[in-house]
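As structure tokens, here come the structures.
What follows is chain A paired twice: with chain B in the first complex and chain C in the second.
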Partner chain A sequence: MLKYSLKRLLQSLITVFIVITLVFLLMRLLPEEGYFGDGYDKLTPEQRENILRKFGLLDPWYVQLKNFYSSLLKGDLGKSIIYRPDVPVIDIIKLKIPYSMTFGLAAIAVSLLFGLSMGIHTARNKGRFWDKIWSGYVVFINAVPAAVYLLFIQLYITGLKYKGRSIFPMLFNRHNPRSWILPLISMSLGGIAGYALWMRRYMVDQLNQDYIRLARAKGMSEKQIMVKHVMRNAFVPMAQYLPASILLTISGSIYIESLYSIPGMGGLLVDVIQRQDNVMVQALVLIYSSLGIWGLFLGDLLMAIFDPRIRLEKKEGAR
Partner chain B sequence: MSQKELQVIQAIEDEALFTFAEFDPEAAERVGYSDYSYWGSTLKIFFKNKTVIFFLILMASLILFATIQPYLPNQKSSTKIHVSPVTGHPLQNQEPSKEHWFGTNVIGQDLWARIWSGTRTSLLIAIIVGIWEVCFGIFIGAIWGYVRQLDAFMTEAYNVINNIPTTILLMLLAYILRPSFRTMVIAMCATGWLGMARFVRNQIVIIRDREYNLASRCLGTPTSRIITKNLLPYLVSVIVMRIALSIPGTIGWEVFLTYIGLGLPIDTPSLGNLLNEGRQVMMAPALRYQLIFPAVVLSVITISFYVLGNAFADASDPRNHY
Partner chain C sequence: MTEPILSVRDLVVKFSLRGQILTAIRGASLDLYPGETLAIVGESGSGKSVFTKTWIGMLDANGWVDSGSILFEGKDLAKFTREREWLTIRGKKIAMVFQDPMTALNPLRTVGMQIQEALELHQDMRGEQAKARTIEILSEVGIDIPEVRYHQYPHEFSGGMRQRVVIAIAVACNPRILICDEPTTALDVTIQAQILELIRDLQRKMGATLVYITHDLGVVANVADRVAVMYAGEIIEYGTVDEIFFDPRHPYTWALLSSLPQLGIKGQPLYSIAGTPPNLFTDIQGDAFAPRNPNALKIDSVRRPPFFQVSPTHYAKTWLLDPRAPKVEPPETIRALRSKYERYAQ
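Then we have the complex of A and B:
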């Protein structure tokens, strides 16, 4: 187990290194205006050159890369240029992560709860009325872009009134719990559909397997079969992706946070892209793209704990 | 052992005990004949589904109409700003009427014409991206699957690229390249093929060493026949399905990119642009038609493609044939 973990850790470190380097080099292509702040048009060419030199952008790329890594190791991601001038990026995102993570984690819990039970229910009632209704839901959520249905949910559900007051406020307010409900539901809809679809397929597959037939022949009850065999096995593939989805809650949800004006991370990348704050764009992209790698690393470890076969076999192929 | 038995053995040994069979099409036909036809069964199952027929007709008429709409009589331009003949002011935010079937938008353009023009733009992007995804994805996937020496390297490369969230890759590319039709297509082509390549690679690795392929090869079946009869049916169905499914996906990404301000320029109507225009006026209930019409057309298109793609995938799976 230790050997496997160390091997995977090393692998992830290398991947992170490659990704960060790639992203950093890609960032050299960003439009130059993004380094000057608001008064771009008023600057003389000499002033522009001075600013670029201050950022070290006129050095050859390998010097830039070296400087970048040495400040990264000190935990320095740079300072915002336009978004909030001269405030370290770390301080900006520190305030925003709690909102995104709280909503994200709650949404994962809701989607797991409803998605899995919906998947199990439809698999056991295959072809009946509710199965069809639920598959209609899954098709709708998967086919129609989230931007469309989320907009209509906000538009029409916040219009519902009780005694002349909206039941669900249109915008997020930290002190009004009722305003947390709609963003949470919106955030879970996709997850519910995803987990339900996966669980249904998995169940239908597994219930025809020999080991289930054997368990039935041994006289186990359906409930015991579900809990001890099907669910235990179903947890293994899920364990692989759960850490990644938990980590990725940090990045927040772009649509929902901007629809309900939640001051989280989701809108931040869009904001800094629109306002062309290159240092912020770079820092955020680096954070997001390495999150996924660490998520998969943790997922693989978790999976190896739950399924002893994995660490013994030679890992083959892509996930 | 009697003398007689020895003679029999001797006689048999005289003839060759084992010879390679010549490939004889007639004999092959006699042994391998069945009235099972892959495409026959696939289509039979596909068209048996009533939902499929419904969506097929719906989708076909939508696409047909979107294509021929500009050539029909009495159609308006999608970019012309209509002016009232009485007052000389632009006809802004006109509700649906006989003259403007879907009303007009904030600056007085005909929404009906814009929706069909937008549908054409979005479908065009989706189809280009879909075809590219399939061609490039299959090419990379085939190399990845066949050339064993490359497998480890390609797998690592895949893991690196796949770890950068698609959202971010798309946003970055669109940001670096500046919004335009070409940018949109390039950005989506750059990210879409990954899933396809992995899928093809996995299929090839699975199928390549299956017993029936081994058996075919031992029996001297030519490679071309193995490819067309044993391998291609798996892939062709996947190709059709992927094109079908990549269309709702691409339209979704287009809407997303437009939403965050990296979409097509405003003078090119697309479903994403129209939706965005509608969103800006949605707080006025009287103007909500500007959001609802594009949203309905977009949903009908994406749902039809999604349902048809999935139904075709089910129908083309040989395990569902009988």
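Then we have the complex of A and C:
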């Protein structure tokens, strides 16, 4: 287990290193405008050169790379240029991350709770009435563009009134818990469908396995078989992607956050790309890609904890 | 003879497949006596597995017992519908060992736990006591260093070892009847012999009744006391091993034995039964084997033969045994067997 973890850790570190380097080098290919802010047209060539020198952009690329790494090790992601001039990137996202992560984590919790129970329920009642209803839901969520039903939820559900007042406010307000509900539901719909779909699929796979037949012949009740044999086995393949989705809640949801005016991370990356704030783009791409890699790393560890075949991979040759 | 431990009468099992009804078991009857080893033989699709699965209520979801009875300890298992009823039988009284040990164990649970589950269910053991007994059983089924093996996972076991674990699970159930559904088919020959030996030893120790399902007649000759031959969902002949091997009466049993490679004559093509088994989707008239039987009588295609007694332990479902039937001699290979037997009996 230790060897396996160390191996994966090393692989992840190398991947992160490669990704960071690549991102940095690609950023050097972007037009220079992104470093000057709004007044680009009014600057003389000398002023432009001064600014570029200030950023260290006139050094050879390997010096730039070295400087970039040393500031990165100090936890310095640079300062925003256009989005909010001269404010450190960290300070900008520090305010936004809590919104995105809180909603994201809550949505994952809700999705897991409802998605897994739905998957388990449909797998146990395969082909019956509720299976068809829930499958319909899954197909609907996957087939209809999210924008359509999300917009409907906002338009029509906020229209519901109780004693003349809307039950659910149209916009997010930190101090009004009722305004948290619709964004949370909107964010969970897709997750519920996803987890239900895969849980059902993996459970049905498991139920057809020979060892389930043996467990039944052993005299275990369906309930015991579900708890001891089916559910855990079915969850293993899903566990792999859980850490990545948890970590990436940091990026927020573009569409839902803008629908309800939640001041989260959603859309920030698109925004800074459009406004050519090179430093911000660089910092965000770095954060998202390394979180993705660490998520997969944790997923691999989680898999190994659940599945002995992975953790004992090299130890014994016996099949 | 003593009272049967399990008695099946005129069992009919049907399956619904793509909107059609398939009759897998067409009125099979069988008595099982305590302590004996019975082998059920027949070609693939003859209904051997389905027949025994009805005893523990483990037909696939699209199958059902249509009529007939399965009497066991004063209860008719054919009438069982609820899981609660089956849980009093399954594993506890009648256990089953399946064909493929490679996939029969849950890859994510330790071998020890999978055996212990059965102990906890059927012998009311818990915790340390159950663990100690599990380790004991592991060593009973011939697994070395059971204390270490207890904590290992199935992928750390070879095929033969896994089959031992599956058998250990059956032992942990301590059943009165143990059904072995082709327990050695997936194993290589040397391991096969070891596993058969192991099952025989354990049977002696537990005093269980053993049912082998197999199409390996070599295994039958080795382990069984009695043999039942199945064809197209019917038991068509049964008797002691000697009776079936040396004095078979049903044309299908003749054909089955003639196709044994061991009985073939060197230089001559191996005997094979002409035609294919009947389509179980259709209603079969008369003797199901008649279309493939070169010596079929007229009545064979009209009326289904009843069981004719050959000896107190030997019965066969063929019109050839009717006193009015013409005398049909069994094929040469079978006659050779019979004369061999007569010499051996003297």
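Basically, the second predicted complex is superposed on the first by the 313 of 319 C-alpha atoms of A that agree within 3 Å, B and C clash if a C-alpha of one lies under 4 Å from a C-alpha of the other, contacts with A are read in each partner's own complex, and residues count from 1 in each chain.
One rule holds for everything that comes next: a residue touches a chain if its C-beta (ideal position, glycine included) is under 8 Å from a C-beta of that chain, and two chains touch if they have at least 3 such contacts.
Everything numeric here is computed off the predicted structure, so don't read it as measured data.
When both complexes are superposed on chain A, chain B and chain C sit side by side without a clash.
When the shared chain is aligned, chain B comes close enough to touch A:V285, but chain C does not.
In the superposition on chain A, contact of A:I97 is made with neither chain B nor chain C.
Of the two partner chains, chain B is the only one that A:V144 touches; chain C does not reach it. Of the two partner chains, neither chain B nor chain C is touched by A:L57. By the touch criterion defined above, A:Y211 reaches chain C but does not reach chain B.
When the two structures are aligned on the shared chain, A:R232 is found in touch with chain C, with no touch to chain B.
In the superposition on chain A, A:M220 contacts chain C only, with no contact to chain B. Using the contact criterion defined above for the overlaid structures, shared-chain residue A:L22 touches chain B, although it does not reach chain C. Considering which of chain B and chain C touches more of chain A, the answer is B. This overlay, made by fitting chain A, leaves chain B and chain C with a least C-alpha separation of 8 Å.
According to the touch criterion, the shared surface of chain A, contacted by chain B in one complex and chain C in the other, consists of residues 318-319. Every residue of chain A that touches chain C in the complex is listed here, in rising order: 209-211, 213-222, 228-229, 232-233, 236, 306-309, 312, 316, 318-319. Residues 56, 58, 83, 87, 90-92, 95-96, 98, 100, 103-109, 117-118, 121-122, 153, 155-158, 166, 169, 173 of chain C are the ones touching chain A in the complex. Considering their complex, residues 151, 155-156, 158-160, 162-165, 167-168, 171-172, 175-176, 198, 201-202, 205, 248, 251-252, 255-256, 259-262, 275, 279, 282, 288, 291, 295, 298-299, 302-303, 305-307, 310 of chain B touch chain A. The residues of chain A lying in touch with chain B in their complex are 15, 18-19, 22-23, 26, 29-31, 139-140, 142-148, 151-152, 155, 248, 251, 254-255, 269-270, 273-274, 281, 285, 288-289, 292-293, 296, 317-319.
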